[in-house]
Each structure stands twice: as C-alpha cells, then as structure tokens.
Amino acid sequence: MARIARVDRIPMADPSDTHAIQTLIDQRQILPTDIVAILGKTEGNGCVNDFTRGYAVQALRTMLAPLLAPEQIDAMPMVMSGGTEGGLTPHWIVLSESTASQDEADSAAALAFASAITRALEPSEVGRPAQVALVRNAVAEAMQRAAIESADDVHFVQIKCPLLTSERVAQANGDVATGDMLKSMSLSRGASALGVAQALCELHDDHINAGSTRALTQTAAAIGKDWSQWSARASASAGVELMTCEVVVMGQSHHWGGRLRIAHTVMQDAIDAPAVQQLLTGIAGSDGLQQGASNILAVLAKAEASSTGAIRGHRHTMLDDSDISSTRHARGFVGGLLAGLIGHTALFVSGGAEHQGPDGGGPVAIIYQT
Amino acid sequence: MARIARVDRIPMADPSDTHAIQTLIDQRQILPTDIVAILGKTEGNGCVNDFTRGYAVQALRTMLAPLLAPEQIDAMPMVMSGGTEGGLTPHWIVLSESTASQDEADSAAALAFASAITRALEPSEVGRPAQVALVRNAVAEAMQRAAIESADDVHFVQIKCPLLTSERVAQANGDVATGDMLKSMSLSRGASALGVAQALCELHDDHINAGSTRALTQTAAAIGKDWSQWSARASASAGVELMTCEVVVMGQSHHWGGRLRIAHTVMQDAIDAPAVQQLLTGIAGSDGLQQGASNILAVLAKAEASSTGAIRGHRHTMLDDSDISSTRHARGFVGGLLAGLIGHTALFVSGGAEHQGPDGGGPVAIIYQT
Amino acid sequence: MARIARVDRIPMADPSDTHAIQTLIDQRQILPTDIVAILGKTEGNGCVNDFTRGYAVQALRTMLAPLLAPEQIDAMPMVMSGGTEGGLTPHWIVLSESTASQDEADSAAALAFASAITRALEPSEVGRPAQVALVRNAVAEAMQRAAIESADDVHFVQIKCPLLTSERVAQANGDVATGDMLKSMSLSRGASALGVAQALCELHDDHINAGSTRALTQTAAAIGKDWSQWSARASASAGVELMTCEVVVMGQSHHWGGRLRIAHTVMQDAIDAPAVQQLLTGIAGSDGLQQGASNILAVLAKAEASSTGAIRGHRHTMLDDSDISSTRHARGFVGGLLAGLIGHTALFVSGGAEHQGPDGGGPVAIIYQT
Amino acid sequence: MARIARVDRIPMADPSDTHAIQTLIDQRQILPTDIVAILGKTEGNGCVNDFTRGYAVQALRTMLAPLLAPEQIDAMPMVMSGGTEGGLTPHWIVLSESTASQDEADSAAALAFASAITRALEPSEVGRPAQVALVRNAVAEAMQRAAIESADDVHFVQIKCPLLTSERVAQANGDVATGDMLKSMSLSRGASALGVAQALCELHDDHINAGSTRALTQTAAAIGKDWSQWSARASASAGVELMTCEVVVMGQSHHWGGRLRIAHTVMQDAIDAPAVQQLLTGIAGSDGLQQGASNILAVLAKAEASSTGAIRGHRHTMLDDSDISSTRHARGFVGGLLAGLIGHTALFVSGGAEHQGPDGGGPVAIIYQT
C-alpha cells in the first residue's frame, strides 16, 4: 500500500465561494478526512486590512463543520494568501492524501506532503529566534509525517504565521520585536523563512543552520536584516487570525505513489524567466513556451520588490508608490511573467518574500502530473 | 544621402528629470533640431489625475526653450504615458533623424518615422467619426513625410489625443460623445485607433476602411462598442493638455539607412507570450529567452483587462477592483510578461487599448539594431 | 401594552466580530426574536470589491443560526454599508422591539420601526421603474407594520438593494438598465430612493409621486438623471448578495412607547453643518457643539461628491481622483463634519446618495433618548 | 511708515496653474518683489510619490523667472503641501509685504511675517538634534526680520524640510537617523517641529527648551518618540527637492499695520471642533457656525491619525488601511470638520503632525481681516 497525494486547483467566485470544493466532496472525489491542507489565493489587498483571508477561512470552516470534528478542522492548515493583482485568478488548492495498492511501475518518488502546527507563540517571540526554532522543529516534524527522508527532497514549505497587534504588544509589556503591525508581518515571515532554511540546512552560516545556542545571536541579527541568508523553498504568509505557525511541507518520497511530482527553482530577480523556463522544460520535456501546461496542477511562487529600488540596474518605483503597496505591484508583475510562461493565470503568487529567495527574487514550485 | 533614424532610451530619475537628454545634446550626440518626437513613460497613475505627464512635458519644454524656436517646440509631439506598475522603469524615448551618405551595403529598408498634428478638434468631435477622419489623414500625412510607401511597412502609430472636461462639454453646449471625463478618454483613444486602422486598411469592413460617407454611420457605431474592429499597430493615449491629435508613425523605408529596424506583433490576450517570443526569435535569431536584449532599443506595447472578466476561461479581478484601476493592473501584468521575455524593465507599456488589438490583448512593437 | 423600540450601537473589532452582540443576547438584554434588523458599518472600501459586507453578514448568520429558525434569519434585514474613512468607527446598530405596559406619562409619539422585503427582482427590473414600484410598496407595508400612520412621521428609510453582475445581465439577455456593474449600483440605489420618495410623496412631480401608469415614463426618465427629484429620508446601499430589496422604515408613532425618538434633516451640500447643528440643538436643547451627545444612540447619514465638481464655488477633486473613489472621499469628509458637531465617530455615514437629498448633499437622521 | 501684510488665497485649476497669481501681478495688485513666500495646497497624495508639489514649484519658478532675479527666487520659500482629500480645494496662498504711511487708528498689532532659510543640512543631520538647532535659529532669525518681539506673538510657523533618499543615505555612509524614506519624512517633520517648540519655549522640559548642550541627548531621545513634547504653532512638510529648511514665521507685531490679524488654537484630537469654534467666535464676534467666513483669508491646520488607533475611545481604521495612507484619511476628515465650521473648503490642511500638537490633534491658525 502506498500513500497517494491528490491536488485539486479549484475556482472561487468570491472569497466565500466553497461551492466547487463542496461538489468534489459530494461526488466523493475527495473525502473530508483525507484533506491535509487547503490553500487559497483570495482577491484582497494582501496587506493589513485584507479581510478576504478571514472570510475565506470562515467559509471553509462553515462548509467543513458538518463533515469533520472541530479538532480535525482546527488541525487543518488553511493558508490564505491575499492579492490577485494583474490577471491572477482567485482559487483554492486542496491537498489530500489517500492510500492505494502500490503499482509496481510507480516506484519513482512521488509528491508527498504533511503539516505540523507549532504551539502558540508568545507575542514576545514573534519575529525573533524563538519563532525560528519553533518553525524549524515543525518543518522536521512535518517531514517525518510525510515520510520525506532528506532535506533535499523538500521542494516547498508553506507557512502561515502570526503578526503583532497593539493588544498583543500590550500583552507582552512592550517586549516585542517591533511595535509596528506591518513591520511585524515582515519580521514574522522572515523568522519563519529562516526556520525553514535551518531545517533544510540552506544557510551559508553553519552555526545558524545548526540552530546552536551560539547561533542564537547570529540568527537574531539576521532576521529582517541580512538578506544574504535565505531559503530557496520557504513561502511564508502572516495573518492576524492565529498565534501558532502552521507549516505545510511538500516534497517527494518513495513512500508515496501515484503520478504527481513537485519541482522547484529560485528566481534570482523579478524578471528571471529563464530559471522558470528551465524548470518548465524539465517538466514538459519541451522548451516551447506554455508547453505541458495541462500537466501542471499548481504553481506556488513568492514575489517582492528588490530593496535596492532597481532590477538589473533599471529603476523601479514599487517602493516609492504611496498609493499601491509594493507587495501588490510585485505579485502582479511576477504573475504576468509566470502566466506568460505557463499559459494560465490560476497561480498562487504570494508577496513579501523576506529571506525567501534572494532580495527581489523568490522560490517557485510546480506540482505536476507525469 | 539617406535619412538615418536614431532612437535613444534614456533613464529618468523623476518626471522632471531631463538631465540625461540634456547630456546627449551637450555632447552633440543629438542635435535639438533633429528631434522628431519624445515619448515618456512616467510614474503616475496613468488615469485622470496623473500630473506626471504634464510635469514631464513642462520639464521638456523648459529644457528645449533655449535650443529651439517656440514653433519648433510646439510642432514636436511629446507623448507622455503614465504608469510604471510592477517593475517597469520610467524612461524617455527620443526619436531623432539625421542624414548620412548612404552606405551601399545598407540598402535594406530601415527604421523610418515622422509625425503629424491634426488641427484642434472641437469638443463635439472628440470620440466621434470626425476624430477618426482627422487621425486617418494625419497618419497618411506622417507616412508621406516618413517616405513610408505602403501601409504594410507601418509597424506602430503612437497617438496623443484629447479628452473632454466639464468646461469643454459646456463649450459644446452638451453636444458631445459623453459627459464623463474618464469615458471620454476611452472614446478618444478608440476613435484614434480606428483612424489608424482606416489609414492602414486594417478593418474587416471595407466601407469603414474606405472612410466613405456611407461608412460614417458604421464608424460611429463601432467606436467604443464593436471590439472586433481594431488596429494591430495603433497605440493611443489621451491627455488633458491638448485639443489636437499628435501622431507619430513608425515603420520601415528604403529611403532610410542605418542599422535600426522595427517589427511588431499582436498579443491575442494578456498572456500571449508565444506571439512576443516569436517576434523576439526573429529579431535575435535565437529562440532562447532574453537573447539579443542588448540589440533592442525600445519596446512599445499596449495592455488592457479583457472585458469578459476572464483570461482563457480563468476569472480575473481587474475590472472589479475599486482600489486600483484596471489599466494599472494590466500594465504591471503585461509588463512582467514582456520583461521576463526580453530581460529588462525599461518598456513603454501603455494602458487602455480600445480598438488597439483584440479585446484583452494589444500590439507590441520592437525597435532594434541589426 | 405598547411596543417599545430598542437601539444598540455596538463596537466591532473587525467585520466578523459579533462578540458584543452575542454578549447582549447572552445577558438577555436583547432577545433574538425581538431583533427587527441589524445595520453594520464595516471597514471595506464600500465599492464593488468590498467583501467586508458579505463577511459581516456571514458572521451574523453564523451567530444567529443556533438562536433562530432559518426563515426568521432570512426575514431579518442585515444592511451592511462599507467604508469607515477618516476617523469613522466600524460598528453595528441593532434594532429590536419588545412590549411593555404603557406608561401614561409616555404618551408622546416614540421611535417606531419595521421592515419589509420585496419579492426577488428580475435582472431586467433593477434600476428601472419596476424597482421604484416595488420599493414604494414595501415602504408602505413596513409603515403599516410599524404602525406609522403618516408619511410625515417617517424620518429615515434604509434600503439594501441588488446590483447587476455579468451573469445577471446574461440571464436577462441583455435587457437591463446598464451592463456596467458599478453603474448598476448607482441606478439601483437611485430607483430605491425614488421608491421611497414616491411612498412619502416627496417628489415635486405629483404624477411620479402617484406612481400612476402615466408616471412610468417620467419615473424612468428621472432615474439616475434628474437630480432635482429626491427623497429627504431615503438611504440606499446596493450589494451583490441579494436580488430582493430589504426596507427598514424608521419613524415615530403613538402606538409605540419608551423614551426613544428620531429626527432628521437634509444637508444641502457637503459642508452644511448649520442644518445638522440646528437638528442637534433641537435634540439637546442647547446650541453648543457636542452637547447632548450622550443621548444620541445612532446617527445615519448619506454623503456624496457633488456632480458639479465644486462646493459653494470652490473646486473639489473627488471626481477626478483615480486612486480613491469619490464615495470614500465623501464619507470621510462628511464624517469629519458630523463627528465634530456630535462629539464621537461611531456614525453610520454611507456613500452614493443618488436621489437621496440634493446633489452633493444628503439626509441625516438621529435616534436619541429624551 | 508701517509694514503692511497682504494675503491672497488664489484658486488653482491644476498644480501648474499660476494664472490667477499672474493676473494679480499683471494688475499690479502684487509686486513680485513684495512676495515673502508662496504656499500651495496641491492635489497629489501628499506622500512619497507626490509630484504635484514639484510640478507646482516648477510652474511658480517659470512664472517668476522673467520678474525676479534667480537669487530672489531661490530665497523665496515655496511650501507646497500635497493632498486635498474629501472636499478640500487646491489653492495658493501668497504672502506679500508692502509699506504704507501708518494710519493712527491702526495702532493695534497686525499680521507680520518673514522667512529664513537654514544652510543645507548634511544627510546625517536630518531628523536629528542638529536639525532641531538649525530650525530653532531660523525661527529666531525670521522673528527678528518680521519684527515680532515675543514668542507669544508668534501664531504659526510653516516649515519645509528635507528627507532622506537612498542616494543621500549612501552619501552619509549610512550615518543617518533612518534608512527608510517615508520614516525620514516623519523624523524631519518632527525635528523641525521641536526646533519651533524650542524657539518658542513651548516644551515642558526646560533643558530641551534651552537647547543647552546637556539637552542634546534629551532632544535626540524625544524626536519621533516622546509625543508629549510638541509645538502648538509648528507646521512642517518634508519634500525631496531641498536640503535646507525653509521657515516662514507668522505672528503679530506693532511694527506692522493694516487690518489683517492672525490667531491660533490647538485641536486636542481629530474631532475637537469646540476648540476651533471658540477661535472662530473670537474672530467673528458671533458664535453661530460659518459666521464671519468672508473675513477669513486663510486657514492653516495640521491633521494626523492618533497613534492609539482610537478617537475618544472609538476605534478608527486609518492606521490599518493599506489602500489609503493615514495622512490622506486624516486630512479629509479634519478638512470636513473645519469646512463645516468655517463654511468653505479652500483650507490649507496638511498631514503628518509629529510634535505638532498632541497625538492625533494639531494646530489651527486663521488669518483674518478685522
């Protein structure tokens, strides 16, 4: 018997529209108990006052309430990422797991995933080394659950992490990484990404990788500052609705069967189409644009404005625009690039890539069918 | 002796920064009298209250005032297009013309351009068949000036056209195409594009192409309504600062020499990367992404949100977003696609593509060096 | 026995925060079956893609699900109005009705309210005379339920009405008032307001007032065009989530007891503070600013940008701002004026005042305690 | 002979429209050499990428070029403040000075003003005690020029001050108050305001007031942090176009004649209408709303969102809105309040009130005619 991953990319008419998920459940194509996690790309601004994320989670919970026990629902990561700028399409991605008798021909490593949730953080821990350590441990735990044996077999780690509000700052008597709400989103995402990088031994400083006591100071110094330290496989979103960190690890494992696979690359900057095209060529076995799109089940990417204010020496205006947040600009722009290469717009492009890929770039993972 | 086209793409630190143009003039690389037109991609919102366009024109006029006679400045089209969403780069494009002894080896058709300016429109003519006719004639006039012999040799026509304000509506005693300022921008762009399409015989209705009296009704019925009528080479921007239409025709002619060329394609939708890549492959002689970028002098493109609310069947949210205009979304998204294919971000992507390419798509022209 | 109106203005930490309403129910201060309607001022953009309204309704329904039968919930108007620009405060207003033995001293007319819901409109009826007639009848029905005997005793009518989406337009085979979603919001609000005006005999054209067959053409001609026709007591919001019109009539009646009262005025333009101050002076019995605020339970107002582009001859920029919708500008601006006069910011200021007060102005109603 | 102040509030059709100023000059109502300073309220976003300020200054300089020597233009403060949210009206305020034979009856203290410009700041000085000291000295210098004898006679000090860009940060080798551009605007405004407060002895810490060496540390600790330290008369705007601080001091002096006067108050929070009404009552001699508006020549005010996220205990959403900057919200909201009290919308309401009035409040000054 092998574990089999299933991935459904499902349209959403508005943030509360779970209708198409419900249909799959009604048709018994997905068993509610098989669902490992639900990701959603919702059409809000992706920033502080983006209520489409909470609205979508509320709708999912309402839909699942008659189908699962409350603790099962609580244990299911629901990672909503706001912002479908440009031509991007709001959609759900449902990850589910079933078992099947192993087809012998199917002995290649296949898509594998599992989740883990940290304990609730104290406000004083958000965006600080404690969060790095908690995420590192959760990644290890989820890898074990997913039977992914090596860090090299991990291709994407999606994290939903907390942020600081004025109430939480007060609760910590001001002993917090920052008193600024928007800044706390950035630090929380950054700390989560460094946790992934530690777990996957991606940092060039082995002391930080090791997570040793001695490394604590270096880690603290890196969060939100040393952009040379980054994970090629982390994708973190911060939200007001939780104090835990929810971690979904995706990779490949011989313990899993079926025809699904995952691969990833890193865009070195916001226009690094060649890196993505090389990944797509490997998947499609053809180097034409938009080839093999029908085999692609999900695309997960991070985008951000380079902190230098330039892309390959040409000035960009994303950081100076007081009307539109730079994260909105970056999602739409990188979304256009990816959609042009892939041939459709239902892409999970998420903004705010602190320590997630190099400055101005970001990880891209693709789940596909062989 | 042959006419020689020169194209300079020049950085801009802010909408008033003409410093780098000034330097080229000071170094006598460009003679002020050789300048045919100046295009600018400025960092405003590209919509009604985008004052970066007027600011840039004011700065250009101030810079040119000591160098040219007032009537020379007045006769020079200065086409500012607002909006550098995503990673796009604000920049100037200076088109100039000089003469040189014809190099025999250089007998291929080369880049050719010229401008024409219509008489001032009456407010009652904006967005109506009269504007179509005036632009059609101006395109023909500019083609003649540029010694471009056939409509097939025209690859791009950039138009700057007027819009209606409440004062202008009053002046016409309400006999106007629309009383809404934003809508008048759309109708004026559309009428200009249909004028180009007539001049280049691009419309599938020959009556409209001919511009016959009988065609007037059909033309009137088409403006802003029949999206199946479009030009593959028109690019129109509307601005409050003029009542004329300024037309710059770019194409190829055997009467011009030098190593510059122009080619164009049409994106059928917002993610039609293959069309652009095919054009680039022809230019670079290689089908790799971002090949031959160093030979590309200027990229001129139009982008818009499809009126259907979908791209290849996937929903987009550009038309429902009350925080960001759909033209801003479209520029950033198509800008990302083009930058990924070409390898840099200094692209003249303009929004609002009424009758400029099919619904949701748009023309793309590239000026390059052989 | 007399009917007694109760009005609770309740804080909201985010659009899903029904906690404080729940507390009042838990404490048996409000019986769920007593609730007549719930209004909410939520912190979205108040325009097309404002999902805070749907989120709030979803939260209310979830909270009420264990307390009321589904048909009771369906019959309860939940009128969410998006937009708390400037210093405005998101809040709920819960209207409930109970009975008490009539205190003889309390024989004055007291606050009275009731609701009515029209049948579902056909898409072809939205923004057209059919909607006017349906709303007119619903106002009459709600007045009867509230035992408000004369139109003069009505002080505010809050309506929630539908809008057109592309699906609904298709459903009507294009036989609709407009194909534009944002425009349909405007026409639907306008038709609702004219329905109120008819019911309350507020129009200066008696034919339209009468709603006679002959008046149909005149009514159709007035909707969205003749701004001289308006109601001094209508407040309409359009939302995607319904096809009926939900009507809540508020007024005074001798059949109701208790110490609550309602009064209204009309701001003639966006800075008509004297009209509001006069109303407040009548309520507080004192002409100082911010006097008697503690007796004021709820403030309901409409705001909009004058279509002339000016306020008392001075230019405003609300209609030319492509970054911020004019409805957002107007709510914040009028909100500041009202908050300054009244002394707090929990005011239900709603935007888009078509046929609701004169061009650029709007109705203001105040519920207070004697 | 007495010095006579003249104040013209002049309409502006767009940021480059100096036409109405030109007319006053052509009519010899204002002599160019008499102009002390020009203020402008322009219709941009008032934040980082607000180019309407630079556009307006460029237009003023172009208009003045044929009338004044370059060094006279350079010495004239041109303080543009972006943002006319809500119903606010873009306008110019021209301050000019002439002399007249003293009318004996006119022996009361009259409006007096003068300007001073500091030396160019080093980038390392922006937002730090050095800026505080420079502004303090410039205020003293301008007071002397204006013959304002006592700090108590100063009613408003308008400052235009620099901000930090990435180039300037690099120039200082990173020895700067902040590397963040938007933050540097805040610190620069704050340091300027504390400079005014020192000059006018407004701080409750006498050591800081004195500007003693010992006070340096305390001053440094206060900038951008200790909001209990503020000036009731400072109004600072930061702009990219200068490295000096331009200071315009307005007050009253017996050395000046004529019928103009100035008075000020402080709004304790964003809805402190009573404070403003009291000021207006003093001016108009009547306590009705909108009385005496015709005597009011100019209104200068600061507005900001309270850092607590609440106004008198009610939550506001200005700081959580990622679509609209809190400064835009605050200007529109306070603008509505002031316009309601005064009766017109041509008010110079400026955002970002660090150390300018208490947290969430701000100074208001009125120039009027007796």
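Should a chain be cited, it is by its letter among A, B, C and D, assigned in written order, with residues numbered from 1 in that chain.
By our rule, a residue touches a chain if its C-beta (ideal position, glycine included) is under 8 Å from a C-beta of that chain, and two chains touch if they have at least 3 such contacts.
Keep in mind that this is a model prediction, so the values were computed, not measured.
Enquirer: Using C-alpha centroids, which chain lies at the maximum separation from chain A?
Expert: If we average the C-alpha coordinates per chain, D ends up farthest from chain A.
Enquirer: Counting C-beta pairs in contact, does A-B beat B-D or the other way around?
Expert: Higher C-beta contact count between the two pairs: A-B.
Enquirer: Round to the nearest whole Å and give the separation of the Cα centres of chain B and chain D.
Expert: 42
Enquirer: Centre to centre, by mean C-alpha position, how many angstrom separate chain A and chain B?
Expert: Comparing mean C-alpha positions, chain B is 40 Å from chain A.
Enquirer: Among the residues of chain A, which are close enough to touch at least two other chains?
Expert: Counting only residues that touch two or more other chains, chain A contributes 43, 45, 49, 317, 320-321, 323.
Enquirer: Chain D touches which residues of chain B in the complex?
Expert: 14-16, 43-44, 49, 51-52, 54-55, 58-59, 62, 323
Enquirer: Enumerate the contact residues on chain C facing chain D in the complex.
Expert: 11, 13, 43, 45, 84-90, 270-274, 276-277, 287-290, 305, 311-312, 314-318, 320-321, 323-324, 328-330, 332-337, 339-341, 343-346
Enquirer: Once bound in the complex, which stretches of chain A touch chain D?
Expert: 45, 47-50, 166, 181-182, 309, 317, 319-323, 325
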